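Here subunit A shows up in two complexes: once beside subunit B, once beside subunit C.
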Partner chain A sequence: MAINTEKLSMILQHFVTATTDVQGAALVTPDGLPLGASLPSGMDEERVSAMSASMLSLGERIGIELARGSVDRIFVEGNKGFGILTGCGEDAVLLVLASETAKQGLLMLEIKRVLAELKLVLM
Partner chain B sequence: MEIMRLIVTGTVGAGKSTFIRSVSEIEVVDTDTRATDETALLKQKTTVAFDFGRLQFGPDMALHLYGTPGQSRFDFMWDILICKGHAYILLIAAHRPREFRQARKILNFMKERVQIPMIIGLTHTDCPGAWSEEDVYLSIGYIDKEQRPPMIKVNPTQRESVAEAVITLVQRLMESCAV
Partner chain C sequence: MPNVLRQKLGDFNSILCFKAAILGMEEALGDKACAIALTTAGRARGKKLVETWGLDNSSLSLDDLASKLALALGQEGTKLCIVEKIVTEGEAIKVYTSETLCSAGELLGSQRKCTFTMGVVWGSLEKILNKRLRGVHTESVLRGGNHDVFEFTHLD
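Up next is the complex of A and B:
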């Protein structure tokens, strides 16, 4: 069965609008192609997708070489907010952008929830 | 110990990762990921961040080799890598003329950012439909014979061939330092 891209986009859009402090989300393939996204204006979907893929593969490599085991998530913390990368099954990676005021615990929980939703569509 | 950073760039499937794997003395740090775009028609895996290899070059010089991804969507990696590089080699698959335009794009991208020594490595020259060196020069915009960078044939799967390319690049780097 084909992947329902409309549904993917809807889930992402809903996640971004319904979760406080989340500013954007993108689902991409491990080689950096967009599957679906809801991003702040001015951010290019293709570029964001490629960057997510680079980051994740480098992170995974660090996990292996520096004996940190398999990577659950990659976390970028800046003074203007967070960028969080999480694997979403074999064939996708989720990037979430959140503002600096976001509560991290809450954010992780929300990401976990949306991941479960996305995985159902990707199956 | 002096460290020279050489950047290996070029089109998709030209042999950048193989190039580095052939000469590196350490196990290459790669970021290969299963390809899902048109790259998948060519090969199963593609570099999404960079490849890294190391080569001892004489008693007091080490070469660090960085390979870039080939696709334009990773041009931020081209940027990061080239800005730290001392010299670079542009690999072009001679038998895929449709990608010469991409090679030219990469070349222009690099030229806009840095003026460092470079050479062109022509790969897949033994494949059917391979273009001659002269034709490749012309197709990527080097009309004037005086202004051309050196071009050599490379077989990325052969250590000796890759070593020769690396030596040529280092020589070019040395010449530019001497001036």
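Up next is the complex of A and C:
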């Protein structure tokens, strides 16, 4: 069955515009295809998607090889902000980009909320 | 074909070396991450190919695309694989290939899937059709098939 990518993009767009400090988000398949995205200009959706899926896969490998168990999320903290990758069920991976001023606790709550919303569309 | 890139050795290198590079990447990054990277690289290559032909968003038939790909990737081209035919079955587009680089040198029964090769076909189809597709390697010469078959369905 075809995935409603339009609806997924709308949810992501709303998430990005309505959540303080969130600068972009993308939902991608585990094999690196973009399902929906609202990214800062200049970021290539295809490249971001492939990178996100590879990163999650690499994280899973690290979890296994280095005995860290199953991976809940991958967190990249840079001096200009955060990049957070979270699994969204079996069929998708959510990438969220946030500025350095984002409060991590709030951000995680918002990600949890949008994940629930996205999963409903993917079902 | 473009100008020869290496004066003495020519433009082709051994599959053995290429495979060794892939195996090394799989060892370091894991099969899945490596497969994603190779498929993505293939898709980009396929899209570029169509761009160089000036055929993006064109109304090229699948038969004509098969001929174009066969020429560009086959014996007279880069020798990535032989594209035998492209057919539609219901909503799916099936691409039949043989002698793919990805399956070359593998033992019968190997679970290896085509990544870069499938990606090239995938990217070219997406560029020609101007549609986003999802690709799966459905039949393999390594697992009893007569061809390596890639099946594409519309993503949205």
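Assume the second predicted complex is superposed on the first by the 122 of 123 C-alpha atoms of A that agree within 3 Å, B and C clash if a C-alpha of one lies under 4 Å from a C-alpha of the other, contacts with A are read in each partner's own complex, and residues count from 1 in each chain.
What we mean here is this: a contact is a pair of C-beta atoms (placed from the backbone, for glycine too) under 8 Å apart; a residue touches a chain by one contact, two chains touch by 3 or more.
On a predicted model such as this, the values are computed, not experimentally measured, just so you know.
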Joint occupancy of subunit A by subunit B and subunit C, clash or fit: clash
Partner chain in contact with A:Glu100 - subunit B first, subunit C second, else both or neither: neither
Touching partner for A:Ala53 - first (subunit B), second (subunit C), both, neither: both
Touching partner for A:Leu33 - first (subunit B), second (subunit C), both, neither: both
First, second, both or neither for A:Ile3, with subunit B first and subunit C second: second
Touched partner set for A:Arg61, first subunit B, second subunit C, both or neither: both
Which superposed partner A:Asp72 touches (first subunit B, second subunit C, both, neither): neither
Intersection of subunit A interface sets (partners subunit B, subunit C): 29-33, 46-47, 50, 53-55, 57-58, 61
Touch list for subunit C against partner subunit A, complex: 29-30, 32-33, 35-37, 39-40, 43-44, 132, 134, 154-156
Subunit A residues within the subunit B interface of the complex: 29-33, 46-47, 49-51, 53-55, 57-58, 61, 65, 91
Contact set on subunit A toward subunit C in their complex: 2-6, 29-35, 46-47, 50, 53-55, 57-58, 60-61
Contact set on subunit B toward subunit A in their complex: 29-37, 39, 46, 48-49, 69, 71, 73-74, 76-77
